[in-house]
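Quick heads-up: structures coming right below.
Next come two complexes built around chain A: one with chain B, the other with chain C.
After this line comes the complex of A and B, so read on.
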């Protein structure tokens, strides 16, 4: 034993080198074997489809449709990769940079614009069938079509916002909810919120708030709402460049929210640090009579989680000077590097056929982009708020920020932090305007220097 | 009388400080354990109770529906097995490489020692995101992307600097006199390493194994980017799929799956616990 150990120690250099070489060689062989197994598949094997469907029902529907495709197309199989919304950006960015990217991927129109500007995405326009082109809302096509006519993704679900309310609390306070024909203005919301904000036990602390709005990372909400106030934050300057201005419409929008939050005190202050999703438990607990600018998907949470006897409903979009709202849709795209773009698009058209689009919308509780799906009787149901959500389609509009180079960075570096400070009571509206205009100029200038054009 | 007062005063002081110390430890434990307890509690609540807005530590209605949901999804079990494989293999390789390296770097002083340790520390400065793309390209050229072996290789390289640094500290603590005494008694270098040093390093090996395993078990970003095939997904990547757009999540199943995810770490700690208390050096060398 001792001899053996001494021998080992005498030749330790060689032994260590040998062991390290063995480890490296074994890793290489393992990799080589994996590559051999998969290299055949890369050329003739399945197309890889990254899906972000995450709700149980939605995952099931996507799986079923993919299975149907695979049964009907044995020579053009599709492998489903289940992605996650929280990590998809890092996944795609590294995928594009390294060239290892799924053949079809699910994401959202506001963000794929940046990928398109870097020429990562295939132009799908030659492959879109006449039926699909005519059936999908024009406003949706506008959000994914470049000035050259290239289509960078197929929009299939719209992230439209809704106003949820509690009919029992309304009835108790003697407030009559609006109808599709007679929507509320923001003045109506103010008046109702005052009646609905109640200190039930008389201890000087509000127990029930008239309105609630998740204000954490709220840039998206305010961009979309600004359209109904006649603003948009982004305007063309004299040289044809885009500049950010916080004018009267934008100030009015911010002032409307600030009035409810700070002056009337009819908006729940807890919303300042919360997302829209995090407002739902409070709504279910009866703490809020209305939740403004909630996603249409929130209805699914209500259906699944509402206790017995809890009632909820959806009201039509609130009118400022119009009921318009900005658009952001979930999309399916194909990377430029995909060698089988035509087949990939065939699969997308199968996945997003009229019937399948309706199934996907119902399973995800969001507004579809196809007119035929929107008109489907299942999407006119009143009890689940589908009738209002479907009506929202006519109010969708493309904001001037769509396709703007640097918009994603602008939202996270300028808009979100500034709005957050404003709603924490640390800035006035004038200071918000000054800061947004100043900081936006430096962020957007960088992108204009790069010469990126939508 | 006066001396008795002084003694009782000291005793009182000692008691107060002991109570304070225990109080602080208890608070720290609560701080550490509360999220875990909350997660376990959530995993046993029915979904409407989770969303009721009324926080309760003990579920009003006890259910195992979330566990059944996640266990029915075959992918979770596959991801647990993948994570176990990656964690165990990483821990073994990291310790096998780091232990002799730490001993050599501590005991055999050469001109490259400082350089090596300096490089080890420098390598810790770079965030994962910075090296991800070049790393991916290198691994692809070795055909090691989308392979658990490739992921293990990355984790081994990622963990070795810290483990080496940690083990080096432990080796330094072992008095050289012990090795000298063994040598005088006729022990060979091999016997000194395997019979004297190794047993004393067991707590360090335990800590190194635990660190390497847990860091591989919990790691998300490398696994997300390097593994593409659904069959190779590791647990953290699988858990992320319970979250949706705009901060939504399937909270109940997520809590259940997260609790399942913590079990191997707890089991491993329980197994290695003995190692942490063994190998005490008290009395090894007379002062």
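After this line comes the complex of A and C, so read on.
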């Protein structure tokens, strides 16, 4: 008896420690098990929907449509999670790896390609209604469909870019803006920019710039613009491998911008290091006569923030050899691990019905993907530039980089830094070409070794 | 009974007793800190990619790293940043501590004010400095243009000339208080009699600093330099908020590079390997630095 007590006294610490570790280990195992279970067991409770709508009206519309669904489907509720574009990537990545991921999420076609290559995404093709498949633009489907026919996300808004201009400054300088029938070429832009660049108080410092462009992370803009110059940076070689080349069309594109920035000095140097969004206040202040590439959504910011008497307008896409532009769309996807993919897709079809698509596009001021929405009379309005945004649908085309393994890494590791150096005046176009070609090879090699296929 | 238990204790038993006391602490530390750490080190030797399986890959990651231009460039930036920030932090911290040790009025108020930057989380410091550096609405551009030093506002954080100096200033600002606080504590422990003796011998202020203050402060300097080196080499939050490693990767410190590898490009194994290399670099630096410092002390 005594010996037992003394033994317990002696080994009390061990016993406590043992109990503690047992508890912690069981928590750990329980956690692992639930993480695994999430992909096997049938879940109940509301579907979680991560939305990235951020403009006030757009958030409201998404909320309204979700509420509507919840009223009509008491048996299958949807819980709306408000996400943000700046944090969504880390949120989703950790979600995919732990298995705790929303059942429906909003993101963009260029990036979900990477997720699909990692087998994170469900194939939505069996669930898409005939009506939706026929109504959404063919180019939009092309940007989210794998060669096997799998559809990795439903495109619903096109991130098409527009040219904004200030009609008052144009009139003052005696410049006539182009029309849809007679779009400007880049030479026309150069000429107009000369007239529109003005030193108002005569102190030798330019107060009003002909053009402006947010150049911080401009790879997206230049990739999409390159198509209108007849280039695309990515080319198929004889063996069917993809190769990155900076040839004449790409050099022409960079040269066109550099001419305004460095030689003519008609493009605002403040655009170097700024994002597209950050150019809007300067445009509103009358510092820029044109913003040569801006998201269509920026019109909402103009409507909201323009002062009394400020006028703005949208001009048709500038023509290099064509007016084509690369496509990138906002999408809704369902993760592979979701156990209720059919229901999730039902909700997506509801959210993106013809009528709702139009509402979403109008509230976010972005070009929709459905032909019926694009044809909506409200999207032909001239004053708000909708007529030109709707026209853009004809110019969309799928770049050869869409679906290319490693493109996301290439853009942020090779293209953006090189363009930043170029527009800071630290590199010549020849050096840009040489560097992009050299670095691309090493970045893309890692993906080619793994033999990933779109 | 109790006596008999006590009496039968042998030295081996006493060790056991000590172990018992430590165990309740050690188990959580082992499970929650040590095991994840070991797992992290292990992942550095695997080909783990997001969405893929974890396979042991030996030294492959390190072989890739040898030829990885992006990695070496970020290491270079990391050393430059660490060296400059640590040096400025030590120098300015020492000056601040000497001032505060002069027995001026309101010293305790100054000390509290001095600590404010350090009390802020790095993210908050970053947001504040981003505001100061803003090309349109920032205080710095406003002051400089009004004083006529510059004509046009400079986009400090996006400029290839200014981005690195800009983040260094923000970094030093936040880290000086830590050094100053340590140094102030150290200064307080130096016996006043040493200075009195030196004054009797007619020593100047500089000689007193050189021959009394500095030698007496050596152990504390060693501690502050080591801690700061580790902390600055591993900096993340402040830089991430200010530049995200840009422009053109100019401010991509090693920790940012590792983060990008894992979370942007999905190479988790490679990112962990970068972490392992950083641990080795820091350990080697500390080993030699502390060895030299300790030798001088005993000698």
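Methods note: the second predicted complex is superposed on the first by the 412 of 454 C-alpha atoms of A that agree within 3 Å, B and C clash if a C-alpha of one lies under 4 Å from a C-alpha of the other, contacts with A are read in each partner's own complex, and residues count from 1 in each chain.
As a working rule, a contact is a pair of C-beta atoms (placed from the backbone, for glycine too) under 8 Å apart; a residue touches a chain by one contact, two chains touch by 3 or more.
Please read all numbers here as calculations on a predicted model, not as lab measurements.
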*Which superposed partner A:114 touches (first chain B, second chain C, both, neither)*: second
*Pick one for A:280: touches chain B only (first), chain C only (second), both, or neither.*
first
_Touching partner for A:295 - first (chain B), second (chain C), both, neither_ = first
*Pick one for A:48: touches chain B only (first), chain C only (second), both, or neither.*
first
*Can A:305 be said to touch chain B (first), chain C (second), both, or neither?*
first
*Partner chain(s) touched by A:81 [first = chain B, second = chain C, both, neither]*: first
*asked:* In the overlaid three-chain picture, which partner chain does A:100 touch, first (chain B) or second (chain C), both, or neither?
replied: first
*In the superposed arrangement, which partner chain does A:420 touch: chain B (first), chain C (second), both, or neither?*
second
*Which partner does A:380 reach: the first (chain B), the second (chain C), both, or neither?*
neither
*For chain A, which residues belong to both interfaces, chain B and chain C?*
2, 6, 9, 16, 28, 90, 97, 278, 281-282
*Touching chain B in the complex: which residues of chain A?*
2, 4-6, 8-9, 16, 23, 27-28, 30-32, 34-35, 38, 48, 52, 54-56, 79-87, 90-91, 94-95, 97-98, 100, 102, 159, 275-278, 280-282, 284-285, 287, 295, 297, 301, 304-307
*In the complex of these two chains, what residues of chain A are touching chain C?*
2, 6, 9-14, 16-17, 20-21, 24-25, 28, 89-90, 93, 96-97, 114-115, 118-120, 205, 216, 269-270, 272-274, 278, 281-282, 408-409, 412-413, 416-418, 420-421, 424, 426, 439, 442
_Touch list for chain B against partner chain A, complex_ = 47-48, 50-54, 69, 75, 93, 100, 129, 132-133, 136-137, 139-140, 142-147, 149-150, 153, 188-191, 194, 220-221, 224-225, 228, 230, 237, 240-250
*Which of the residues in chain C end up touching chain A in this complex?*
1, 5, 13, 16, 19-21, 23-24, 26-28, 31-32, 49-52, 69-70, 135-136, 151-153, 155, 157-160, 246-249, 260, 263-266
